[in-house]
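Look at the two complexes coming up: chain A is in both, with chain B in one and chain C in the other.
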Partner chain A sequence: MFDFDALINCFGMASCAVNQLTSGLIIGMLLFLVASGLTLIFGVLNVINFAHGTFYMVGAYFAFSTYLFTESYLLSAFVGALGAGIFGIFFERVLISKVYGQDILMQLLVCYAFILITDDLVKLIWGTDYIAMGIPDEFRLAPFRIFGGYVPPLYAFLIILSLVIGILTILLISKTRFGSIVRAAAENSPMVSALGIRVPLYFALLFGLGCALAGIAGALAAPVRSLTPGMGFGILIESFIVTVIGGMGSIPGALIAAIILGLTRSIGSVGFPLFVDGLMFLIMAIVLIFKPTGLFVKGSPK
Partner chain B sequence: MKLNNYLSLHKLNVYYGTSQILFDLSLNATKGKTLALLGRNGAGKSTTLKSLIGLVPIKSGSYKINDKNFEKLVSYEISKRGVGYVPEDRQVFKSHTVEENLLIGAKINSNKKDMFHLNEIYKFFPLLKDLKSRDAGLLSGGEQQMLSIARTLMGNPDILLLDEPSEGLAPIIVQDIAKLIKNLQKTEVTIIIAEQNIRFCFAIADNVALIDKGTIVYENTISELKKDTKTLKKYLAV
Partner chain C sequence: MKNYKNKIKRRSFIKVAGLGMATTALTGFPNILKAANKPIKVGVTTILSGRVAILGQTVLSGMKVAVDEINNAGGIDGRKIEVISRDSKAKPDEAARLTRELVNNEGCEVLLNCEASGATFAVNEVARDIKKFCIHCISETSSLTADPKNRVPWVFRAARQGIHDAVGGGIFASEIAKKNNLKKFATAAPDYAYGRANTAEFMEYLKLFSPGINVTTQTWPKIFQPDYTENITALLNAKPDALYTCLWGGDLVAFIDQASLYGLFDQFQSFAVNLGDLPILTAIKKIPKDVYGGARYHKDIPDTQANEDWYNKYMAGSDVLPTNWSWEADTGMRFLIDALKKTGGDTDPMKLAKVTAGNKIKSPFGVDGTMTIRGEDHTLVNYVIAYGKTITKDPYLANIQQSNWKDIYVHEKDWKKRKKYI
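Coming up: the complex of A and B.
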């Protein structure tokens, strides 16, 4: 099961090491975008969005269709994010806001029904086959050479853009009036409402923002992953692992945890391909035992 | 004595779940005056103020300000129409700074009142200016009470609802709050203040309403109530 020789060989060669690290970072950063949306929604609304992976899928499919028409990857990513965000606001207003504060089983049921319906809608519109978008024209360029390894420009772009989006999200929540109101409403929504602020509107926008983060991750991932109905499920599980390790509600925590998981995946695929998932859960279990609130959240878990 | 019906409640019935808290409660407040709502613990003072700001739903009865109906409105709509609410336990946003707390409350009300901005508030509350970058959770009880009142004033209310502003504060701080309310009265804001502290109310209020078991049992001016030892004894055990 373990092939440490292969691992040592790989890290002995600059090219192999660079390849594994970049691919680990890509997996990690895309996962970070999805998980940051999940953790944001949980931190403010105290709702676990079990349907979060669906918005990742919706973002990817919207991006794919936009790319077919426009052949612009950037526009596709934008449409993917926007589409997932609007779809998220719809989901929040019509369904999930009805079960705020209710038993977590109600939230789970509502989300599960929504996942099944959306997966079927995707099958009706785009079919059941695997779809590949391929590397977009903008990024058919010669790879960068870094320490003897090759990094495709698309990969570098994905890593940097994800990081920028993450930083912008943190700034939006910590520095703007929108963020200030949303954090205050998380603490005491009746008081915010008594000060003349339409809290449900802010909650819907925040939910939409969380879904847009999942959507843009799906859209950005479209060239490097294949699209299939139900593709949201795997990323949902991994996002949960990320939020548990990083701490529910912590965006910086999600970043670190997502990079740990991404690197575990890419390095593991060389050294212990059969134990990658196992190791991810093992890391999560260890964090849960020694710091149940996650690495970046103080105090007791909610 | 005739009271001007600027704000009026008529036969208000309010429930928490299935238990009724307010019973056919009727109340009037005069524009620009300070009304003290006095009563024992559990008489329904807080619930009355919460109904006025829309934090508890009104099951039946009417709630009017300037002849406009308010009973169907939710709290942010009532707030936007010029009603400001300062809750009993201050409820500042603990992990926000003092200034962030104030800015969350900032708005121009729908009657275009636009008097208080940060600068004016800091003139009114010099203490808060010195503390503006501190987390509100680290303030003392008196400072939090000041902040809670200032945050509501940032929303430029025409009517200010104060729920037990003297509760749990040292006598010297209570004096500061009384001074502050007297200063506010010069701005012609209408104030409804729920209190158990009778001396505090006697010092600042123009009119008084006594509440007992969820309904108003007495309405008059403060100066008349002071002479009425029978009523004082019966409802306030003075």
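Coming up: the complex of A and C.
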């Protein structure tokens, strides 16, 4: 099951090391975008958004349709994020806000119903067929060669863009008035309401932001991942692992955890191809045993 | 005396007539009446949701071609064929449950099972248990019919079989390997029964026909995995001479798109057995050139008027292009219809089995315009197996070569002996 020779061999060669490290980063960064939305919503609203993968799917489909008309990758990504964000606000206002503070089972049921309904809507609008958006012409370039390894220009772009979006989100939550209000409302919403601030509006916007992060990940990945109804499910499970390892509510935690998982996947494919998923869950189990709050959250577990 | 005689005769007549009517009433007569009015219900379970839902759709459109033909011609002795389909969501337990329901609640008299391998094995046991005539139309796993343990006297397969493709593909790939001196092979296959069995069988025959080949790297992505980056880089690191993959459906589309970013197809020769299905070829935005692929269903293979006609009839009733599953479902339905014609609409499983074993029908997908369900192992033979090379425009596959069934029969027999099936 474990092939340590192959692993040592790989890291003895610069080309192999470059390939695996960059592939780990690209897997990790897209996962980070999805997981950061999940952790943000949990951290502030204390809601586990089981329907988060749906917004990843919605973002990808919106981006696909926009790309058909405009052939602009960046505009498609923007529309994907915006569409997922607005859809998220709708979901928050109409459905999930009705079960805030209720039993987790209730939240789970509402989310599950929403996943099924949205999957069916996607089938009605875009069909059951798998769709490929195709790689935008501006990124149809020969891969960069770094120490003999291959780095596709699109992936280099996605790594940088994801990092920028992640940093902007952290700044938005920690440094702006919007961020201060939602953090304050998370701690004590009656008090914030008493100050004349419309807390539900801020909660809805924050929920929309979280969904937009999932949406932009779906939209950015659309050129290389085939689109199908139900595509959000796989990424949801990995996002949960990231959130548990990084700590519920911590965006920097999600970043580190997503990179750890990305590297586990990429290095694992060389050294232990049959135990990649097993190792991801093992890391999660170890974190849960020794630091149940996750790597980046202090205090007692929620 | 005369009158007495007449009296007796009349009484006898009444008795005999009464008895006759009672007998007919209890046995055949209402059945004849009922049969004349009622359609023959065919129960079908297939995958109609999830990432491969499109394949289930093309199953129903495929068999519709055969059903429309017979129904427009008046049915079987006046009885029309009615397909009742259910979505198994690719789950074996669901497929088994729905199959029982189709028979018990919907009154289906015969079954066409259109499931992938996992669920097919489950339905196979249900058909054995409830004793209903059944044709499997999709599963390619060789042991389904080759292994006597799995065989049921009234169950047949009208689909490709892995071992046939492995021999045909192995011969095809070995010639290319010899010509281009390809020695080091890498594989990328979905991590479940089909992916593992298919890869093992293909490599076994490739090595047999072209000794000196070895497998240096194998990567096993999960089925429906969104991202193949780590698998692709693992393949690049291994620097093989050639790659074999049996990824299929949307997974293959995503893999090819992602691998193209790394220029993978420029660096070594690739063989993708499941590439030649039209919805896949059209879904890939930029098909890499010179990848060898199996022709799963193609309107030009075989390039005959019958195939062209079938394609046009199919497209008239479907908004999705036909797939490998379409011709298989159509074929299953045609064997069923032919058997029903021969039994005069009788759905007794043993009577249908008797006329299906060894049956040969005309078919646009047969090598010489015919296909046979072999009597000895209840499986389909003589269908077109072909491989070609991708080109970037419609019809996407060129230089098509058909496999020779004589070779396949010889190696299939050896394989069965090795597996102790015969």
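Just a few scattered comments:
Going forward, the second predicted complex is superposed on the first by the 301 of 302 C-alpha atoms of A that agree within 3 Å, B and C clash if a C-alpha of one lies under 4 Å from a C-alpha of the other, contacts with A are read in each partner's own complex, and residues count from 1 in each chain.
Definition applied: a residue touches a chain if its C-beta (ideal position, glycine included) is under 8 Å from a C-beta of that chain, and two chains touch if they have at least 3 such contacts.
Note that the coordinates shown come from a computational prediction; the quantities given were computed from them, not determined experimentally.
Counted by residues of chain A touched, the larger count belongs to C, out of chain B and chain C. Within the superposed three-chain model, A:P152 lies in touch with chain C and out of touch with chain B [touch as defined at top]. In the superposition on chain A, contact is made by A:R198 with chain B only, not with chain C. Contacts of A:T54 after superposition on the shared chain: neither chain B nor chain C is touched.
In the superposition on chain A, A:R183 makes contact with chain B only, while chain C stays out of contact range.
In the overlay built on the shared chain, the residue A:R140 is in contact with chain C alone; chain B does not reach it. Note: no residue of chain A belongs to the chain B contact set and to the chain C contact set alike, using the contact criterion stated above.
Partner chain A is touched in their complex by these residues of chain B: 53-55, 74-76, 79-80, 85, 87, 91, 93-96, 100, 103-105, 107, 109, 151-152, 155. Looking at the complex, you find that chain A touches chain C at residues 10, 13, 15-16, 19-20, 22-24, 26-27, 30, 123, 127-135, 139-140, 142-143, 150, 152, 154-155, 221, 223-226, 228-231, 234-235, 265-266, 268-270, 273-274, 276-277.
Listed in rising order, the residues of chain C touching chain A in the complex are 48-51, 53-54, 57, 218-220, 222, 224-227, 229-234, 236-237, 249-251, 253-254, 257-258, 260-263, 279, 283-286, 320. Listing the residues of chain A that touch chain B in their complex gives 177, 180-181, 183-184, 187-188, 190-199.
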